[in-house]
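Heads up, the next two complexes both have chain A, just with different partners, chain B and then chain C.
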Partner chain A sequence: MAGEERKNWRRRLKTPKSAIKGEIITIKTMAEHIMEPGVRRDPETGVIYPKKIIDLVICRFNGKQIYKSHWYSGVSANPFMSFKMKAISSGLLEVEWVDDYGQSSYKKAIIIVYDENGKEVIPMKLDKASSIKELM
Partner chain B sequence: MSLKKNIFTRRKVFNYLIGCVCAMSSKYSLAGQQAGSPFRDRFQTYRQTFRIEPDPEEARRIVRNIIKGREIRENLIFLKAPDIAENGNTVPISFGVNCSMEGQDYPRIVHILVLDNPFPEIAKFYFSPESGEASVDIRIRMRTSSNIIAIAEMQDGSVGETKAFVDVTIGACS
Partner chain C sequence: MSFYNVIIFILFSIFSLNVFSDEILDNKLYEKPYANNALKSGKYFAREETRNIELDEFENPGMIWVERGKDLFNLQDGENNSSCALCHKGDTNSLLGAAASYPKVYKNQLINLEQKINMCRKNNMNLPKYKLESNNLLSLSSFVSYISKGIPMNVSVAGKAEKYFKKGKEIFYQRIGQMNLACNQCHDEIAGSYLRAEKISQGHINGFPSYLMRWEGIASVHRRFQFCNNQARAQPLEIGHNDYNALQLYVAWRGNGLPIETPSVRR
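Then we have the complex of A and B:
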């Protein structure tokens, strides 16, 4: 039983490691989950398996929510989903899956975005060059 | 003696009035919870442990509740689904929205519905201008061969709708 429970927790997230600024990149996600719809019966005993689905997937980039989806029992088992994102600056991508029991799990990835000149686009603004020295 | 005979005391009358008001308000609030209203979502998230039969009338009511009599814009949303699905447990579908994701021109919500499922609502997708293109691939369950409907609600209030028919050979129990 413990092995089965652990199986429901495996998550996958596939992103390109680097991108050019303004490019639209594809993010592929997959969660290994039974997605029990709550209407299936055990063929021998006739007992109904209780409902257990992932009902919320949130995608955040640098802490800001860019994409969200609500799922119901009609999504297939081991749900695969791929969506698009615009690369503006390099940063941290987090995808969070929430169960209908309230259990949440997340996976993160770092995407590095380069300028046309080959410079990395940093997701913060620096007013002066000297401000870095002050911090150091 | 006079007190005993008096049935309609002030307190009793007030209690009766409050009871009437409560009954009326509960009646009206329950009348608002028709099938197809957002209250159905609460029912769906409820841990469901009984079998229910598909109701196409209710599916149509849900679609009507999303569109709310607005005009349907053509060529706004396109849906890609296989003509024949051998296994109803995993039907790969994908959709996209024709829009420049700038300003008000992006889809706020995209709904996916399968009309002949016992639970027609399958997924809702919330986009923002940061997601550069509103296109998603996902795999769904279908019980019988039926229409898939995708509805896009744009931020400025316009609505787009498409249909695709999928023939399912072995259905899923969902």
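Then we have the complex of A and C:
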């Protein structure tokens, strides 16, 4: 309902937990939001509901931006969005939603990518096998 | 024939007609408009796109409410730190099939699931009642209904519930509003044909609380009844009214046997 203020907006993100290198995977996202376009009026008082929409969605993989979309009024409430990406290496996927008041929220997921031999593809290059021991 | 004879004849005929019609009502009281194998859930009348949204658990926006309901179920609140999960031992199986039997008679009053949750909060948890049709209440009721997803509707109309059942049936067949429409004229007689851009469903409530795209949120059965009344240009009753509960009992009974599909998605 438009007049009612909702707290704890929910963000949902669905990714495959693992993928094979080179596979095209589908990322599904859903944000709970009223997406008030700023043209509707309260039927009793005639006051216009102020505009409040999500206008920017950014998706980053290992800190690097891979997807970005600008939204305008006309997107439905509780918007569902999905896109495809190519799995190259394991990593952290973050999706960030920014509304027109500058409030942002994000959701993250980890995708593990295996190569054909069943070995994990790590996003960083290790020169030596003993490098982790040296750190400790 | 004298004047008195005529009067007596008219009185007798009215009386006998009444008896006759009452007999028909009594005989047909438990006659369902649809046989068990002809029952069709509302999703068969929805568009394919809408149905696909409903069937995918992630795409279904109603699941947001279900998830929030799960959080509220486990939330410890108030002075006693009471939560739903404490009484129900954190085991949602104790609520398996609970939603399928509502509305039911509780202490000589017919109540639906939302009112039962509020009673539980007030009597057992010592917490304030939720406002009817508020987000939190609908989240909880859709979570409780979601637990029994797939279980057939099974409301009881025997015993104390019988008078409410009769009242509900009366409301269902009563013509109301400027359009002079009764529920049965659409949902019994011409179900499946088009009303503007939408197909008329058989009017079952196995998917409620359901996500209605026109309101961008979960709506209870009573709010949907209000909308239906508005469509017939009639004055709707308030949410939680006893008459709506009776109507809900009748409507649930005529769909007995349909599996629960909460949260369904409709336009």
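In the analysis below, the second predicted complex is superposed on the first by the 124 of 136 C-alpha atoms of A that agree within 3 Å, B and C clash if a C-alpha of one lies under 4 Å from a C-alpha of the other, contacts with A are read in each partner's own complex, and residues count from 1 in each chain.
In the analysis below, contacts are C-beta pairs under 8 Å (C-beta built on N, C-alpha and C of every residue); 3 or more make two chains touch, one makes a residue touch a chain.
None of the values given here were measured: they were computed from a predicted structure.
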item	value
Which of chain B and chain C A:Ile24 touches, first, second, both or neither	first
Partner chain in contact with A:Gly118 - chain B first, chain C second, else both or neither	neither
First, second, both or neither for A:Phe61, with chain B first and chain C second	first
Partner chain in contact with A:Gly38 - chain B first, chain C second, else both or neither	first
Touched partner set for A:Ala77, first chain B, second chain C, both or neither	both
First, second, both or neither for A:Ser69, with chain B first and chain C second	first
Contact breadth on chain A, by residue count: chain C or chain B	B
Partner chain(s) touched by A:Gly102 [first = chain B, second = chain C, both, neither]	neither
Which superposed partner A:Pro50 touches (first chain B, second chain C, both, neither)	first
Intersection of the chain A residues that touch chain B with those that touch chain C	76-77, 80
In the complex, chain B residues that touch chain A	44-45, 47-52, 89-91, 101, 114, 117-128, 130-141, 172-174
Chain C residues touching chain A - in the complex, by the definition given at the top	58-59, 61, 63-64, 67-68, 134-135, 213, 215-217
Residue numbers on chain A that touch chain C, as the complex places them	1, 4, 6, 8, 10, 12, 14, 28, 30, 32, 34-35, 76-78, 80
Complex interface listing, chain A residues touching chain B	24, 37-41, 48, 50-51, 55, 61, 64-77, 79-88, 100
